[in-house]
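Two complexes are shown next, each including chain A; its partner changes from chain B in the first to chain C in the second.
On to the complex of A and B.
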């Protein structure tokens, strides 16, 4: 399996979504890295045949993707948008998507059971998706994407809104799929997240490809810029106090109303490893953790310059 | 495709629009009940309510329930998945795009047809029961004829409004304007312009209506002043089928031609 884009452009009227991209994606995990609005989602929609290129070509194994439903047998897609048929239960949702993939009722049942187990959603399978937390919704989206065991998997911001344990699980799963000669494309605006899954990246900003290849070179650049991390938890005061004890924490801002704390650190690796430990030792329940992309934007500005 | 149709029917059942359709479809039933209640007054005027079934069906179903249901379920065929941002889950499956649209159209027609059937059956039972059980059975062909015309209408209107839903930003408003503006007025103008409406062909197929209208003095005078051709019942039937096929084909090709840019969260 190989994905090839040649001089690929997509524009909507005057707005450019992606601009003259040429790249090749081979089996393994590849990260699409760029700030919000960079063109990652547009690119993934082009790769999954939801959008038609305005110019250039995009092919999977030499076959064009737009209006080619046969190729979809080998594709799994986890969209960024938090949209579902909310009245369905988690089981119904995954089962329905498996049936749409052409599996018989029995096969679809088996696959649904298996994949719900993989994403740790068996316990909540009978609950309506409308009542799921953000993390659960992310996991059920992932389940529909991997249930048919696709050769190519596209994940658009799969770690958004997930708790640390859920993130770890998804990261491990992505890495595992990447070792099975499958193509896994993960988009994210958080360098740290992508770094944990792969060292092969496509760096995108304003619809253009800024860099392609090894993440460590980019990582070196970003190290000079502090990383901002926002944590939502049930005990902001204790977490803030604990975080301030560390030297790499440059600033801390907390919001009691929103129960969240925003930290600036110049050692993101150590910081991310430290969070679960602090949470466990102090019995703090972490609801979500994310990095606003302002820092990444700064690195992109730096790269463009 | 069978799974897709049943999946979309389930989706439709859970939509608020369907609930509103069901509530709206009770209007003729309530009207029939009111007629039943004032039955003695009507009898004094020599009117048997059991004779009113075709008129009620014409007025309430053909000119109100049918267009309203078609507009709401038709315009939602493509627009719902775009508005709810669930379209990607369908597009990334190994199923042809025409199959998605056709399944959605079929499920819309089945859902709309079921709502109409229930409402029409209740209305029929209330109205015809006045004539006794024999009348109830003897008028069944009339009931099925009326239902058949309504189903033909649904098959023509649903893909037409689905087309509007897939291309326009305010399909319901445009649909209402079309159904209660163009269709309602032009169909009654005794010139050839009425052939540009769907409902004029449905009128031609409607049982016990043609006879009455042809002997109507006003219509006869208008026909002399503004001569108009009448299509035969067979021609009308064929035109309705052709219209349904054309609207459906255009609707099926829409997903091939048009790409939908969903809002990002």
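On to the complex of A and C.
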């Protein structure tokens, strides 16, 4: 099983969804990484045969996917947005989607039971979806996507709204599916989420493919990019003085009124380890610590530059 | 009892190559509507049926005893009787189409469920046919089914086979008229459900398209052809033709068929344009 996209483009009037993408996806887990609005969802809809490419081709095992029901039978798709009827119970929803894939009534019943168990939703199967939490909705969407045991699985931001235990389970499930000779594509705008599931990624921004390959190479690029960290504490003067003693600290800006200091460092890991030590030794109370440019948008800006 | 690990389990069976997805869509929709107190509505819709059944019983009993005089001939069980029955049931049919049809696609769009359908081996025509079958099922329950039961009642209560010999074709006419009406009106409500932002606006538009031209036809009596724009008048004209009774309007029947065909074609075109798996980004 192999997915091949050649010069794939999709535009909606004047708006470009994806632009001239060429890539290959092999069995295992592949991450689509990009900020919100990068074109990940459009790409997934092209890959699931829901959208017709404006230009270029997309094939699975050499067969075009658009309107190809034979291929679509082997695809599972878990959309990012809620896409179900709130008045159905979880069981009814998964059961009806199983039937659409060609399961007989008895087979669909058995498989629905099994798949609800896999995603830990058996307890809530008789409840209406309208009453589900965000995490439960994610799990029921995942159940309908994996129910027919597809060869190819597309998961659009599957960890959105999940609690830590739920996230761990889904991550483990995705990794397990990747070992079963299936193609699993996970899209996310959160780097560490993708990092937990796979080391193979496609980096997308503004509908274009920025990078393709091993996530650690991307990580390396990010690590050499100076990182900004803002710290809010009760003694800005002492903290600023202490931080300036280190060579990796490239610049420091402080704001006495807000009691916060913004530091630029080129060794973020060491910097993060150092902060608690400085705080303990100098009895500085740290209220908050965040990195304004740790998000993907900043990384992409850096990569594009 | 098998004991599984808490992890993924593969499916070992073989799936059907061509699942009848339209049937799955229809069945799910029918079941969901049934849960929405449809039974109470159907009980009301069957009151005219019981009245007509009693009428058939009385007329056939009288026929056995005495020769019907001229006055009783008004109650005669003939093709017109069955067409009149279906026509009277149109009130319930329109209500059913509004009640069950207005949200039939609008809700899928509202809940963004189209991407679930079309990421599976479901084609547009499977989807539409499945949705239309839901409307046809409930529409038939208040028109075709009771009309055919009335016909069978008449046949079984007859003293001889004269009625069956003369009118054996009536069930075919009943089926044709019901398919015609639910076909055109079903497509219309599907189109409005796909095009409108919500269930309420789809219902209002449907009601307006169905009722307003009819009222216009009643008001503007000087131009009889104005009734052509009324779907109701066109159904009556075509239905009368199918039942072999006198046409109610002076304009030719083929014009009515043409208007109905155009209405159905426009509805299908609207659906084709408005039903897409994903919302297009503007």
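Annotations for the structure displayed:
What we mean here is this: the second predicted complex is superposed on the first by the 233 of 305 C-alpha atoms of A that agree within 3 Å, B and C clash if a C-alpha of one lies under 4 Å from a C-alpha of the other, contacts with A are read in each partner's own complex, and residues count from 1 in each chain.
Keep in mind that, in the parts below, a residue touches a chain if its C-beta (ideal position, glycine included) is under 8 Å from a C-beta of that chain, and two chains touch if they have at least 3 such contacts.
Because the structure is a prediction, the values reported are computed rather than measured.
The superposed arrangement places chain B and chain C in clashing positions on chain A. Once chain A of one complex is fitted onto chain A of the other, the partner contacts of A:173 are limited to chain C, with no touch recorded for chain B. Of the two partner chains placed by superposition, only chain C is touched by A:107; chain B is not.
In the superposition on chain A, A:289 contacts neither chain B nor chain C. Of the two partner chains placed by superposition, A:18 touches none, neither chain B nor chain C. By the touch criterion defined above, A:97 reaches both chain B and chain C.
Look at A:52: by the touch rule set out above, it reaches chain B but stays clear of chain C. Residue contacts after overlaying the shared chain place A:83 against chain B and chain C alike. A count of residues in chain A touched by chain B and by chain C gives the higher number to C. When both complexes are aligned on chain A by C-alpha atoms, chain A residues 12, 45, 48-51, 67, 69-70, 72-73, 75, 77, 79, 81-85, 87, 96-97, 99-102, 144 touch chain B in the first and chain C in the second. Within the complex formed with chain C, the chain A residues making contact are 12-13, 15, 17, 42, 45, 48-51, 67, 69-70, 72-73, 75, 77, 79, 81-88, 92, 96-97, 99-104, 107, 111, 114, 117-118, 144, 146, 148-149, 172-173, 176-177, 180.
The residues of chain A lying in touch with chain B in their complex are 12, 41, 45, 48-52, 67, 69-73, 75-77, 79-85, 87, 96-97, 99-102, 144. Chain contact summary for the complex, chain C toward chain A: residues 4, 7-11, 13, 15-19, 21, 24-25, 28, 32, 107-108, 111-123, 277-278, 280-282.
Considering their complex, residues 3-4, 7, 11, 14, 84-97, 256, 259-265 of chain B touch chain A.
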